[in-house]
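Take a look at the structure set out below.
In order of appearance the chains are A, B and C, and numbering begins at 1 in each one.
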Amino acid sequence: MSKAPLLSVRDLSKYFTIRSPFRGTTVGTVQAVNRVSFDIGEGETLGLVGESGCGKSTTGRLLLRLIEPDRGEVLFEGRDLLKLDAGELKAIRKSIQIVFQDPFSSLNPRMTVEDIITEPLYVQGGMTRHDMRDRARMLLERVGLNAAHITRYPHEFSGGQRQRIGIARALAADPRFIVCDEAVSALDVSVQAQVINLLQDLQEEFNLSYLFIAHDLSVVRHISDRVAVMYLGEVVEIAGKDALYASPRHPYTKALLEAIPVAHPRLRGKRARLGGEVSSALNPPPGCRFSQRCPFAQDVCRREAPALRELGERHQVACHFAEELQAVAA
Amino acid sequence: MSHLEISNNPSALTSLRRFLGGRRVRRLIRHRSFMIGLWLCLFVTAIAIFAPIISSVDPNKMAIRSRFQPPSLEFLLGTDNLGRDLFSRVAWGARLSLAIGLGVVLLNAVFGVLLGALAGYFRRLDGILMRLSDALMAFPSVLLAIGIAAAMGASAMTAVISLAVVYIPRTARILRASVLQVNELEFVNAARAAGAGDFHILRRHILPNCMAPLVVQLSFVFAYAILSEAVLSFLGLGAAPTDPSWGIMISEGRSYIREAPWMTIIPGMAIAITVLGLNLLGDGLRDVLDPRVKMEH
Amino acid sequence: MQRNPILRVEGLRTTFTSDDGEVVAVDDVSFDVNEGEIVGLIGESGSGKSVTALAVMGLLPKTTSHVTAERIMFDGRDLAHASERELRRLRGGSIGMIFQEPMSSLNPVLKIGDQLIEPIRIHERISYRAAFDRGVELLTKVGIPSPVQRMNDYPHQLSGGMRQRVMIAIALSCSPKLLLADEPTTALDVTIQAQLLDLLLEIQAETKMAIVLITHSMGVIAECADKVVVMYSGRIAEQGPVTEIFDRPGHPYTKGLMQCTPELTGNSRRLTTIPGTLPSLSALPPGCRFAPRCDLAQPDCVAGRPPMIAIGKEHASACIRADELVVSAAQPEGAEV
């Protein structure tokens, strides 16, 4: 891929200051997202995985400027989204959309399906009501719902159907890039597969790029081209999915993969388990953030934060001992 | 009720149904105290509307000859110290009370929503607006109303304004709380991601979803306004002394409480019935629309 | 494995009164849990899996629900016809429970220690001191570091995984013979889920108690269960030993569930899906409730409720075409739909 990526994120950071409720003094800083960098090519899906509180959702929202980043660059088609003024930002929002996790709170219960789907068009302006309605019908059919249901309210639909409505809304203004923020996590298994297939079909049809944020590693593997793993606000590993799942280089990625339940009862057996709990992103320790739980941690890990570095083709890892671990595993 | 859904011309009832949702309407109908409250309120409203028809006598017409008549067939609810017919006065008093209550509710709806929405949505205004409302709420409500009414001079309009000033901060607070809650929901983020501006988000997404607690709050404001208006009028700070106000009637009856207890009891009952009706109505609405919010007083 | 059932549920039926009238959440459900066995109760939303557990325990609100059963035999006693007092004695005593939400199942204003000691002292007459020591012992057993200090912590001072460990300790406090675990790991991260499942297995191996593990995840079943009960729309679709179920699923729904979970190894372009949506409890289809979504459905399927048919050793399915299904599964990589 010699072409410039569609979206290119550099050193994206967001810090939240925690104040004492009584004295108003600063207790500390939560580094919710710390110097995150990645690229997403045209028509590509980057999976973003990690445990709760690792900052994966915040990262998605920073890209859309639903939360204002503190530092960094988000280059979309070569333009830095963080430097745009209100008017330019509004115009570019057509191209970048989001699908949310919760099929219930993501649709306004007081609006009809038509009003929900056409809202991006209405806000952007330049379309007649009639054209907007036609487009809403088309989109509703496209996501597998009955176009005649356009006058209904969200409560008349099931969770999976609501998620389809949310997808139709994201598609309304003809975007190029969609952030799927745990878009299938809240759905029942039998419905989840349908929505995953739908997302893949739409990607092919409209040449969409996805940032697919999820905690379910098997879903991420299925849908992504490349996968980024986050731990406590930082990206610890990015690689093509097969490389990442087959030979993870970061001890955290390895632990995460080992924690996935087996697919068949015959595969049961003792596996190495990661001890401890995800520590807090409030005032993180110097050095590697994973060092407290890492079975291979050395003194240098507690002193110096490892940078994300290239290790093989398009395989980036933030670990001082990635090569050694690789050798041990082999 | 299904025929309402297919009617092309949405009547007031269909829009109410859409607002409440058919299920909620059914639950309200099954809610016993709500229905009792509703009937009481309808009863008082009917009396207020039809006051000129049902009271054959002018409420201010004095008849020295028939002073202090206890309730009888001739004077349904008796007469007062000036021989005025209490039934007529209570009926016309209902007009005044409901009008004042409605005035306070409307002012609350406009300014409470405005201030609450501003404070809840634009966090920079929140500090100033909420400290102001704290300052107003720090006074005992009736005392504050008395102060304002005394400063502006007694009239029905004064009563409306001073009571509005007392209750607007409370309404604004409730609205602010629900704005904060709704603002966290994802559909607001979806609108933002679509490029929607603040005004659009407030009007299309946030306010329509804050209506349930607002309606509940306003029904209580209505009740408290009627009660407080009676207090103000009783103290001579509300309606003009010649108006047939329930508060003034109680105040006048006070001197004759031994000789003619009905002069105080009857307007007192009128207040009690109206306030009870509104409170039952409000409780029912709260149970069905908004089970989490409790009134702050 | 021993053959004595510790819990035998027969003909359990649960109805709820709602605005839409009466809905049947659990419809004639029967299953056994043998001593020392882990039974996985799997289903999607509305399948009635959680309601089943709550109904067995008599924990459903009496005002809105109605539970009937031919028999619910637990350890020689019939819970279906037991008094509220007897049930209360069993809950937290011979039957322990853990729930999905480790935050809301602990009282936020009481110390961990008090919440642990209380049930011990309700069921046993021992001194505070002895109960405290037992509490510390239990916290150690569930893998909580520095247990004595933790006894004085409040729930909000612990992480989700630690809180769930505390819940397990509370459930274990009276050495139950049966543990009902309702989605115990659903709210937790994968690494924490793995730790907790390991812990449950470890404790089970040591105490030989029976566990009913309610979950929506085939992975959790594959990892832990000895026997599986698959529920769909308030009824049992299939039940049997775990390897049987995975090797030869006897119900199209079970088969669909396994196929539509993305695999971690192989990677087909498209996922096989179960078409349609879960039926609403207020508008259930006639006959087999899975029929509207089933590839194999035929007119007979909607004619009446399909009976449980034995298709293997302790393996039964509520599908009238179960035999064909099992045969086709036996062929390696049989015609995949």
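The working rule: contacts are C-beta pairs under 8 Å (C-beta built on N, C-alpha and C of every residue); 3 or more make two chains touch, one makes a residue touch a chain.
Just so it is clear, the structure is predicted and the values come from calculations on it, not from any experiment.
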Maximum centroid distance from chain C, chain identifier (CA atoms): B
Leading chain pair when contacts are tallied as C-beta pairs: A-C
For chain B paired with chain C, centre-to-centre distance based on mean C-alpha positions, whole Å: 51
Between chain B and chain A, distance of the C-alpha-averaged centres to the nearest whole Å: 49
Approximate Å spacing (C-alpha centroids) for the pair chain A, chain C: 31
Shared-contact residues (touching 2 or more other chains) in chain A: none
Chain A - residues contacting chain C, complex: 51-52, 158-161, 188-194, 196-197, 200, 215, 217-219, 221-223, 245, 255-256, 258-268, 273-275, 277-278
Touch list for chain B against partner chain A, complex: 21, 185-187, 189-197, 200, 204-205, 208-209
Parts of chain A lying in touch with chain B, wherever the complex brings them together: 61, 64, 66, 89-91, 93-94, 96-98, 100-102, 105-111, 116, 119-120, 123-124, 155, 166, 169, 172-173
Residue ranges of chain C touching chain A (in the complex, touch as defined): 44-45, 159, 161-162, 189-195, 197-198, 216-223, 225, 242-243, 246, 256-257, 260-265, 267, 270-275, 277-278, 280, 293
